[in-house]
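Look for chain A in each of the two complexes below; its partner is chain B in the first and chain C in the second.
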Partner chain A sequence: MKGRLVVMAATAAVAVAPLVASTYHVLLMLPFMAYAVVLLGLNLLFGYAGLVSFGHALFVGIGAYTGAFLTSHGKIRSLEVILVAAAALGALVAVPVAALCARYVKIYFGMLTLAFGMVFYTFVLKFYRLTGGDEGTPFLRPSLLGRSLDAMPKIDYLVGPYYYYSLAVLILAALGMWRIVHSPFGLCLKTIRDNPVKAETLGIGVTRYRFFAFVISAIYAAVGGALLGPPTGNVDPTLAYWTHSGNLVFMTLLGGFASFFGPVVGAFVFIYLQNWVMSIVPYWRLIFGAMLAVIVILAPEGLMGLVTRRRPAPASRA
Partner chain B sequence: MILQADGLRKFYGEFCALDGVSLGVDAGEFVSIIGPNGAGKSTLINILTGITKPSAGSVRFKGREVGGIGPVRLARLGMARSFQLVQVFPDLTVLETLQAAGVARLGRGARLFASLAGDREVQEAALEVAELFGLADQRHMPARQLPQGDKKLLDVASAFALRPEIILLDEPTSGVSTADKTAVMETLVAASRRIGLRAIIQVEHDMDIVFAYSDRIIALHQGKILADAAPAAIQADQRVIDTVIGRKAGAH
Partner chain C sequence: MTAHVVNVLLSGVFHASILFLVAAGLQVVFGVQKIFNLACGSFYALGAYAGVSAVGWYAGVGGPPALFILPLALAGLAVGAIGIIVERGLLSFVYDRDETFQLLLTFAVVLMMEDAIRLIWGTSPRSTSGLYLTYGQLRLFGAVVPVYNLIVIAASLAIALSIGWLLTRTTFGRIIRATADNREMAEALGVDMRWVYARVFTLGTALGTLGGALVIPATAAMSEMGIELIVEAFAVVVIGGLGSMRGAFVGALVVGVLRSVAISVYPELEMLLIYLIVILVLVMRPRGLFGGAAA
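This part shows the complex of A and B:
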């Protein structure tokens, strides 16, 4: 129950942040919330199914470009429609990708997801007429709950309605994922992560569960990706680049994949730390690279592992 | 016949691990497979449980050809197994492990948003099996923290939690101290009555256990069946004594 109190307190803190924190910091919360949605999904694969994807920027990209395309070319501005379309398109693309990737594990799975990510990145970069190439596509300000908010100053829109909309999406995404990992489906995923051979002899079809976990994670990534667009107002191919997939894995490791909220914490710390480090030295990647090494060696279960450690760390988890 | 194998052969390259093995198991039987190391016991069990595809021959389970259909479908058809080298889910507790078997048995794995904690049928079935195997006190302990003997029991218990019609146990008492072996076997026999198991096949090295519990014994040697008979006849079979029992007695 202590955990529940912490989560409720943290949620309340996020909810009052726009009233007390500086605009600058409140704006940083927007990518945090978007990434938190992405990572809740990614961790279904990583923490619960034991599969590390290096290609989920693909689905983040699909979500973001869906929103950009619909607002710029489709004259559709409703964020509800955009999120549903992003989820649907993410799922549609994920089905064939997952069908192939779910047959592989460990490094082969990781490389295959990386390969699909690269294919998509090149597609985004080269299909200029559809995507705007390296310049990207504008993500026009979406309407929220049927209300056009174009008259509002941009900052007011972002720290006001859009902020709370993002928070609502994050809460719904977290509640949904909480149910998934505590469902019979979630338990079967954990058996596959721990011991696929044993899982199969219990009648749990490993490939099928990996497939569905992948598709669900892709839907989350696409929804989170769509939320990333409005704050910057533009979607460009770097969102789909493989280093962006690497960042997602980094955030997950930073927070701790063994805990439900670890990736959310990871996204928060990553965004603020990156911003802070970038403001003092130009070489933020150098600092972050060193940090990643320290995490893997000293705190393999991430920040949440340091906080909630109640049991000895598992000897190894592939 | 619940399970029937005909002319099973298995080659690994040039090496012939199984060379024309045929056997049948009837409802109500407890069959033990014995043989020296390298006789092909594990290969045979792996073929019967669908993990290994035979090079030739057929396996019929409840009259249905099941050769090479894989462990997932076999488990759903009603065949369960445990492993010689203990297989558990290290980070799952005893109860979670048994719940997973229940979820699989009831076909509820697709329930994405249902509450596992609220699934009374799965919860109660898991607790019942935990109690049956004397694991109720450790039910909230992750499998990796269990003593070796309890891991072995959990592996077997999760197979029983599938409520199969037939179960194949690959050395159920290996790694269990001699003093505890009988207790493990008594637990197994009691559990099989409780869940209405129709047949047990075990691979076992401990001849005391084999002779005490088997209705029939199949002796394997160099990939072939040396003898397939009741315990009394096996005990009197000089070839079996020379190749299997004698050697094992010396090894212990």
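This part shows the complex of A and C:
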């Protein structure tokens, strides 16, 4: 009950932010919301299935490039179409990748996902006639709900309609994920994570469940990736680089992978802290690396773990 | 035609001999400690920068140019000492945790090292101007090959042989192999794990930093070189098999030569080809070509 109040208060705060906060801070909310969608999906693998993907930037990249491609080459500007296409393409790519990766766990799973991520990265980097190489592809301003908003000044568009559109997508994504992790499917995933042998004995198809968790998380990553494009207006290959995958895992760990909202908190803290640190010194990696080391060693449950002070925090209570 | 082929092959083997050093560092750490060390690319970058500085200092004090390889290699080995700091200061806290956390901790080192290098050496590429051709060039089957490349290839081979000797003929090597095989048993027989881990990790680090130092006359040091090389070294160990030294050797040759061939035939393919092979190996033979045997 208390948790629900906190979540509703936080959502309300995000909703009124454009009215009270400075434009600078409101603009930072856009990548936060996009990453929050990505991480909700990533945590289905990390927190619930116990699989650490070091190649999830692959699907972020697919989502972002889908949007960039449709808007600049395909003349399709509707964000609804873009998000659906990103989800579909993410799923399409995820099916063969997941079919191969789901058979492995731990280090081999991480390595295989990393290799797939790098295949996509080198592809977008090298086939520049199609993708623009390291300069990337422009992501033209999408229309929202069928209304073209090209006449609006860019900032007004981003802190106004686009902001609320992102928020709506994030809320829908969170509701969807909440349903997934509390469904029998989600419970089976946790069983598999805690004891795969026992799960198999109980008749749970371990590989099949991992496969579906992977595909769902890829869809989330692609949708979030598509949302990352419009604020910058350009997507480039670094979105798919392996260090970006590492940062995604970092954000999840920072917030707390054992809690449903941990990844959302992680995305928020990461984005704002990164901006704040970068405004003081250019060496944010040095500070964030040290921070990651401290989290791994002293607080593996992340920020949510510090707040709730419970050991394996059951994800059924947020 | 032969000249071109020899050129492509030799530049591939040169790259392979550097890759082997870094991958060997990755393997020895994985074999014994079961940690996949993402930071070994960063150690490689550190070695490269240390090499540039050492050679710069050496030229400054007027050392004979013909011996520049000595301060270069020494600097590479010396900064390998950072391994003991990383191992004692960070990794030793998470040995009893899930390997996910160990992997993430090495990722933390990757982040820190990248900016630490920028902080110390700046953001613009650094190189050792002109030393590359100090030892002249050699005509081989019509191809012109820098002698320095041949020296590095020979040095890498010698190091490969000494690692083999270390692992199979010395007490330390026997302890390493015993630990890789069965840690509990080795510990029960009186092996101090802290002692083994600290040495093994430092050895792995020094191999990486030495690789970085040796490559530097042929190229320029850049702060991203570490995170780029680690994915190649990763391909090497996956193809060869995690934890296997013989695997690192063969894997490095495969990756080095294939990359060199791809660049000369169809540059777009470069690393794409390598990663496709990696996926193929992981799917067909997850233990790699030489997997299974430890260290």
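Criterion: the second predicted complex is superposed on the first by the 309 of 318 C-alpha atoms of A that agree within 3 Å, B and C clash if a C-alpha of one lies under 4 Å from a C-alpha of the other, contacts with A are read in each partner's own complex, and residues count from 1 in each chain.
Keep in mind that, in the parts below, a residue touches a chain if its C-beta (ideal position, glycine included) is under 8 Å from a C-beta of that chain, and two chains touch if they have at least 3 such contacts.
Quick caveat: nothing in here was measured; it's all calculated off a predicted structure.
Judged by the touch definition given at the top, the superposed model places A:T201 against chain B, while chain C stays out of reach. Between chain B and chain C, more residues of chain A are touched by C.
Residue contacts after overlaying the shared chain place A:K190 against chain B, while chain C stays out of touching range. When the shared chain is aligned, no partner comes close enough to touch A:G146: not chain B, not chain C. Of the two partner chains, chain C is the only one touched by A:V296; chain B is not. Here chain A touches chain B in the complex through residues 176, 179-180, 182-188, 190-191, 193-195, 197-206, 209, 212, 311, 314, 317, going by the rule given at the top. Remark: chain C residues 36, 38, 90, 93-94, 97, 99-101, 103-105, 107-116, 118-119, 227, 231, 234-235, 238, 242, 267-272, 275-276, 278-279, 282-283, 286 touch chain A in the complex. Chain B meets chain A in the complex at residues 49, 51, 70-73, 75-76, 80-81, 83, 87-92, 96-97, 99-101, 103-105, 108-117, 119, 122, 142, 144, 155, 158-159, 162.
Looking at the complex, you find that chain A touches chain C at residues 52, 54, 100, 104, 106-108, 110-112, 114-116, 118-119, 122-123, 126-127, 242-243, 246, 249-250, 253, 282-286, 288-290, 292-293, 296-297, 300.
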